[in-house]
Structures are given as C-alpha cells and as structure tokens.
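Each in structure tokens, the structures are laid out below.
After this come two complexes, each holding subunit A, first together with subunit B and then together with subunit C.
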Partner chain A sequence: MDQKTRDDLLKLFQDKLNEAMKFYLETCTRCGVCTEACHVYASMGQIKYIAAYRHEIVRRIYKKYFKRRGKIWPSVGEARELSEMALEELYEAVYSCTGCRRCMVYCPFGIDTQMIMSIAKLLLIGAHTEPEILTLLTDTSVEKGKSLELFKKGFLTGIKNLEKEVVKKWKIEAGETAIPVDVDGADLLYVALAGAVPAAAIFNAAGENWTLSFFEAVNFGAFVGDPTKTKLILDRIVDEAKRLKVKEVCICECGTAFRVMKQLSGKQPFEVSSITEVHARYLREGRIKVDKSKFREPITYHDPCQIARNGGIIDEPRYILNCLSDDFREMSPEPKYNWCCGGGGGLVALGEDNLDFRMKSAKVKADQAQETGAKILTTACENCHTQLIDLNSHYEMGVEVKFLSSMVADALMQ
Partner chain B sequence: MWALHDTFLLPTVRRHNPIFWVFLMLFHISFLLLITGHLELIGDFRIFQIAQHEVFLGKGFVGLILSISLLFFLFRRFVSPNRDLSVPEDYYLLILLFLTVFFGSQMDWARRWYDYGNLPIVEYREYLSSLLYLKPHLSSDLTSSGHSFMLVLHVFFANLFLMFFPFSQVMHSFLSLPMNKLRRG
Partner chain C sequence: MTEDIKVDKVVDLKGMPCPMPIVKVSKGIKDVEVGQVIEAITTDPGALADFPAWAKTSGNEILKTDQQEGLIKFYIERKA
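Right, the complex of A and B next:
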C-alpha cells in the first residue's frame, strides 16, 4: 500500500472519530465478557469472531496512527500498521458481523461493536475492497432516485398490476383505489419493498388514509457502510414525506430501513413507525379484526435485531401474535438476548457467495428456533426472512417461515 | 440513574460471568477502601472515621483481597479465549498493580499481623502533606527504618502505574459512567 492511499484511508478514519467513537475505542478492557455474545463465535468457536477481537483489529490501527503511545511504544498495545493484510483482517471482521449488537448488551461499558465496524466498512470502501455487489446495489438504488420521472411510469404500471391482486384476494369495493400513490395530505406514507400487497389489504381494511412511497425501503448504503449514500437514500424518503405532508412514515419489514429512518433521520415533522407497530395499533383500536382459527399450529417469533434490540419494538409483535394464535412460543426468555439470524449487516445481500458462512454461523439460531417446537416461524424483517428460509432448508428444520404482516393479512376478517 | 447502576454494579457481568463479577466487585470496592486509607495518610478526615478504625480499613484483609483478585485477573488472561484477546498492556498493568499492592500490603500486614511496631502514621502524614504543598520533606525515620525498602518499592511501582494510567485502558474508571449513560440514552 502506498503512502497516498494510506493517508486517504486515515483521513476517512479521522472523519469517523467523534467523541462517542473515541470512548468506544479507548474503554475496552478486553475483559472477555462479550465472548459468548456473538452468534458466530457460539456457532463456530473461532477467536476472531469474539466482539472484543473484532474491535481490536480496528483499535490497533487507531493506536498506531491516532495515539502517541502507539508511536512511541507500539508493541505494548499491539498497534499495527494499516496494510493490505490489515485490510483483509478488517474485511474478515466486518463481513462476518451482522451488526446485531448482542455484544453491546453483554459489555459492562456498552461498547457498540457496530459503530466500530462502521470505521472498518468505510476503510474498505476507501480502498475499493468492499463487496462489489453491495456497492452496485447501492448505486442502482441511488440512480433510481435521481431519475424519478423516468421510472415513475413503470412503477405506476407495476402498482396497477398489484392492485388487481389486492382486489382479487381481499374484495375491495369498486371505485376505491387499492394502492394509492402520491396522495397529498395522506396520514401515513408506507415505504415498501418490492410488492405491497398484504400491507395494502390491511391499510384498506383499517380505513387508513395512506399512500405508497415511490421508493423502496431498503438502504443498501447502510449495508455497505457508506454514510453519504445512506443519507441520499434516506433523504429522498424524508423529502417525499415532507412534500406530501404526511403525519407518519411507516417502514415495511426491513430492519435496516427502520433503524436508519428512526434513528438517523433526525428531528422531522412526522413520526416513524414500523409496520408491526401500526398493525398492533389497528388491532388494539379495533380497526381491524383477525381470525384466530386461521393458524392452528404453534408459532414462534424471531425478533429482528434492528427492530427489537436496536429499535425497541418488542411488545407489539407479541400483542399481534397473541391475537393471531393461542399457541405462541417465546424463543428466548428475554427478547433482548435473542440470537441474530446471521443475515444482517448486508450478509444476506451478498447472496450465494457467503451462503456457507451464513449457514454455519447461524447454527445457534436454528437450534433455538427448533427447540420451541413451533411449526410456523415468523419474523418482521426481509433479511431475517430470507436467512431463515435458507436456514430452514439447510438444517431441515421443517418449519414454515412467514412474515408477521402477511399472517395478519391472511387472517384478516372482512 | 440506571447508568449509575450499570456502572457500579456491573449487572451484565453478574449475569454472564458470576465468578468474574464477584472478583470484580471485591477488587473495585477494596480499591476504593485503599484510596480512602491513603487519603488518611495525608490528613485526618473526620468523615472516614464514622466507622471507628485504625488508619487503613479492613485489618489488612483489603490488601489481601486485592492481591488475590489481581492474581485471578492475571491468570484468567493466561487462558484462551481471554489470552487471545489480551495485549501486553493488559498484563503489564495487572503486574504493576499487583507489585504495588503487594509491597504496600506488606507494610500493613507487618504492622497488623507480625507485631511490627515501627510504622508511625505521623511521619507519613508529614511526608505526604509536604508533597502536597510542593515542599517535599522526607523524615530520616522513614528512610532508615527497617521497612524502608518495602516503602521504596511500593512508591516506585505506584509511580510507574500512575504514569501509565492516563495512556491505558485503566481510563475505563472515568469513561465507564459516560459510556453507560450513552447506552441508556
């Protein structure tokens, strides 16, 4: 690595060093309490997957270039040079971490591993060694936002086709728009992933004055860890919400999108909620009713890390499930200690490339789900959903993986 | 409030590693008691005498507990996976602290348990407060006494430790509270 590249990378590192980050980097005493926290370590047992070890890889570079002690006496803190090899280590550490923050619950100081990993992600982007596919997806997503007029037409045609499906399945009154788009002054802006059929059915059943966003919820910028692009993708939804003067932005089953929208959008004139919260609210207020006899088999729920542990949505899905079934089984005695599915942090988006790793690293999750004896495994995050389907076939768990919102839609009483 | 609870009672450690937690609590409480003891070597603080005691609380056992827990911390770093997480700094700090505590406690133990009577508090007070006023005065009674080499070693290692302190992970003593505040939000 030449001096110029290194300097550029260190500049990126410097940008990340705010007060909180410095505290995270300084405080770790390597006490090892986080050892059991990581699902990858619990499943695979390799030292490099312990949270503290992951930080240490970043911390060594921090000591070397930003701390005098790393210059005077590098060996005492094992300060290390930023080299090609260090980048490889960083890659290994960061793309085996799903950012679930289970370790943060274990740490006596509350060190946020994901924050530290974000430095590593940024360095990898700077060195152009990040997974290409993620950058590609991010750029496609950003491009789509730029030429909105061009893709608007195709989008609207797509929506018309989806509407037919909604009407067919949930018998909407004639003359009513099944999927409203671009409604000025709507109460709720729904940000979906591809397809919004079950969600539309529920919104209509609840009589919500809603509108569908032009943009997809998923924030690939956050997966690859590029703050500028994350903001670009986030801001266009914020702008749309402001333009339509909505009161609430509801994010579909996407953990990352929800966390980014809720915690990184700053103070806005609208509320941010997840679809799970909205459904629980409809049920509580009696705006929709569900048929309890629809699902007779035992159900268990996987708490998506970004929505439960990192987003605080813990009671709502349980309320919904108790409306849907008499046999709801908890996976973990305390939701905040729930294992990650192993698909977060962009790992699922990497697709087949890391399928083997994803399956091996999530053994604990598969075991945990199987122990409940449930036949339906439900969740509220697209990433978790994909990963759980893969786990289901890999470990032959014999469960049915479903979205919580689809279950609500299926059990909806007309 | 919860941040204080998290900082001083270490609930996460208690839950996930109870044995480690016992030693951590013993260590940190004893450490506070020792700081109190040293303050009393500088001057007479009425507030510390709420519970009547000779200077240095705990009849010598505080030092013993500290030494044992430091050895525990050190040895647990010899075992994988903690060994792989540790960097030299962690070992140096523990060894330094152990040496400091051990030689310091020797003086206390000598006085308490082996009837060594030649440890006058008055002279320590004189010496330490003279340091505080930047007019160092070391009484020859201290330097020529039988335990002076213990004293010299104790002060030497303590100084090394204090020099290392701000540049090391021991800063967690100050950063722990703001960090836990950050997590609790």
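Right, the complex of A and C next:
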C-alpha cells in the first residue's frame, strides 16, 4: 500500500473517531463474555468470529496510528500497520458480521461491534475493496432519487397492475383507488419494497388516508457503510414526505430501512413507524379485525435485529400474533437475546456468493426455531425472510416462512 | 418490436424478492459480450423503477420493456 492511499484511509478512520467510538476502542478488557453471543461463533466455533476478535483487528490499527504507545513501541502496544493484508482481515471481520448487536447486550461495557465495524466498512470503500454489488445497489438507489421522471411512468403502470390483487384481499368502494400514489395531504406515506399488496389491503381495511412512496425502503448505503450515500438515499423519502405534507412515514418490513429512517433522519415534521407498529395500532383501535381461525398451526416469530433489539419494536408483533393465534410460541424467553437470522449487514444481498457461510453461520437460528415445534415461522423483515427461506430449505426445517403483514392481510375480516 | 431484438441470454428472475433481481441481472449481463442482449424476466413490480436506474448506473441500455400479466420482461444490451 502506498503512503498516499494509507494517509487517505487514515483520514477516513479519523473522521469516525468521535467520543463514543474512542470509548469502544479503548475499553474492551477481553473478559470473553461476548464469546458465545455471536451466532457465527456459536454455530461455527472459530475464534475469528468472536466479537472481541473482530474489534481487535480495527483496534490494533487504531493503536498504531492514533495512540502514542503504538506509534513509539508498536510491538508492546499491540499495534498493527494498515496494509493490504490488514484490509483482507477487515473484510473478513466485517462481512461475516451481520451488525445484529447481540454481543452488545452481553458486553458489560456495551461495546457496539456494529459501530466499530463501520470503520472497517469505510476503509474498504476508501480502498475500493468493498463488495462491488453493494455499491452498485447503493448507486442505483441514489440514481433513482435523481431521476424520478426516468421510472415514474413504468412504476405507476406496475402499481396499477397490482391493484386487482389488493382488491382480492379487501374490496373497496367504486371510485376508490386500491393503491394511491403521490397524494398531497395524505396522513401516512408508506415506503414499500417489492410491491405493496398486503399492506395496501390493510390500509384500505383500516380506512387509512395513505399514499405509496415512489421509492424503495431499503438503504443499501447503510449496508455498504457509506454515510454520504446513506443520507442521499434517506433524503429521497424525507423530501417526498415533506412535499406531500404527511404526518407519518411508515416503513415496510425491512429492518435496516426502519432503523435508518427512525434513528438517522433527525427531527422531522412527521413521525416514523414500522408497519408492525401500525398494524398493532389498527388492531388495538378496532380499525381492522382478523379471523383467529385462519392459522391453526403453531406459530413462532423471528425478531429482526434492526427492528427489535436495535429498534425497540418487541411488544407489537406479539400483540398481533396473539390476535392471530392461540398457539404463538416464543423462541427465546427474552426477545432481546433472540439469535440473528444470519442474513443482515448486507450478507443476503451478496447472493449465492456467501450462501454456504450464511447457512453454516446461522445453525443456531435454525435450531432455535425448530425447538419451538412451530409450523409457521413468521418475521417482519424482507432480508430475514429471504434468509429464513434459505435456512428452511438447507436444514429441512419443515416450516412455512411468512411475512407477519401477509398473515394479517390473509386474516382480514371484511 | 421484440421480434427484432436478438436475445443472447435469458435471465429468469421470477419470484425473486428485492434486491435479487438487480443482483442477478448484474451478474447475468457479464455473461454476454458487449453489444449482446439479455432478456431479464421478473415478477417484481419494483423492478420497473429499479432497472432503469440500474442501467444508468451500470452504463447498460434497456432496449425495451414488456409488461404482461404478472410478468415484466426487460431487454438489456450490454454496453460496458
């Protein structure tokens, strides 16, 4: 690595060193409490997957360039030069970590592995060694924000074609629109992923004054760890919500999209909610009713890490499930300790390249779900849903993987 | 007309959720030479927004988009 490249990367490193980050980098006592907390270590048993080991790869570079002892006496200070080899280690550390933060709830100091890994992701971007596909997906999302006219007509046609499916789930009055788009003054802006059929049926059933966003919810900028592009992708939705003067932005079943919008959008003239919160609210207020006889088999729920542990949405899915079933079975006595599905942090978006790792590293999740004896495995995150389908197939779990919102839509009582 | 477009590779993306259509089409386009065409078939309505932005970002060209009952077909020429 030439000096200029190293200097540029160290500048990126320095930009991440706020007080919280310094605390995380200087506090670890290697107590080992985090060892069993990581689903990758618990499933595969290799030391390199312990959270503290991942931190250490970043921490040694920090010591070398940002701490006096590491600069003067690197061997004693356990300092490490930033080199191509170090970048390879950073890559393996960060793209085997889903950012689930389970280790953080075990750590006595609350050290945030995801935050430390954000340094690694930024260095990989600076060195152009991040996964190419994540950057392409990120740039595609940014481009959509710049060129709404490029896809508006096709998007509206595609949405029109979905309306028949919505009406099959919930009949609407003549003259009403099954999927409203671009409605100025709507109360709620719904930000979807692929399609919006179950959500649309539920909004219509609840009599919600809603409108569908032109943009997809997922923020690939956050997956690849690029703060500038993360904000550009986020701002597309913030600007649309302000333009339409909505009171609430509701994010579909996408964990990262919800966490980014909820925690990084700053103070805005609208509330941010997850679709799970909204559905629980409709049920509590009696705005929708569901048929409890629709699902007769035992159900378990996978808490998406970015929605539950990192987003605080824990009671709402359970309220919904208890409305849908008399046989809801918890995976973990304490939901914040629920295992990650193994697909977060952009790993699912890497496709088949890492399928083998995703399956091996999430064995504990498959075991946890199977131990409940449930026949329906539901979740509220598209990323988790894809990973759980892969796990179901790989481990022959014999469950049906469903979105929670689809279950609500299927059980709607007209 | 679609009949005028010579397809060199078909990429079947039916049933794949976001972001798999873009992930797979990014790989599929690399399996043909510059100037050749792939036909990408998807059931994801989000692709109608994603594919034009992806083409612009990746430097490829969508020659034609066909929407049929539940199916969307993109004819994409590899440019880069």
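What we mean here is this: the second predicted complex is superposed on the first by the 411 of 414 C-alpha atoms of A that agree within 3 Å, B and C clash if a C-alpha of one lies under 4 Å from a C-alpha of the other, contacts with A are read in each partner's own complex, and residues count from 1 in each chain.
Here is the rule we use: contacts are C-beta pairs under 8 Å (C-beta built on N, C-alpha and C of every residue); 3 or more make two chains touch, one makes a residue touch a chain.
The shown structure was predicted, so the numbers you read here are calculated from the model rather than taken from an experiment.
Applying the stated contact rule after C-alpha superposition, one finds that A:265 touches neither subunit B nor subunit C.
Using the contact criterion defined above for the overlaid structures, shared-chain residue A:406 touches neither subunit B nor subunit C, since it reaches no partner.
Contacts of A:143 after superposition on the shared chain: subunit C is touched, whereas subunit B is not. Contact with neither subunit B nor subunit C is seen for A:368 once the two complexes are overlaid on the shared chain.
Look at A:382: by the touch rule set out above, it reaches subunit C but stays clear of subunit B.
By the document's definition of touching, of the two partners only subunit B reaches A:52; subunit C does not.
Looking at the shared chain after the overlay, A:214 reaches subunit C, while subunit B stays out of its contact range.
Applying the stated contact rule after C-alpha superposition, one finds that A:104 touches subunit B and leaves subunit C untouched. Put simply, subunit A uses no single residue to touch subunit B in one complex and subunit C in the other. Residues 6, 10, 12-13, 16-17, 20, 76, 80-82, 84-90, 92, 167, 169, 171-172, 175-176, 178-180, 182-184 of subunit B touch subunit A in their complex. If you check the complex, the residues on subunit A that touch subunit B are 20, 23-24, 26-33, 35-36, 47, 50, 52-53, 56, 67-69, 75-78, 104-112.
Residue ranges on subunit C touching subunit A, taken from their complex, read 17-20, 22-24, 26-27, 44-50, 52-54, 56-58, 65, 67, 70, 72. Those residues of subunit A that touch subunit C in the complex are listed here as 133, 136-137, 139-141, 143-144, 147, 150-151, 154-155, 157-159, 161-162, 192-195, 214-216, 218, 220, 349-351, 382, 385-386.
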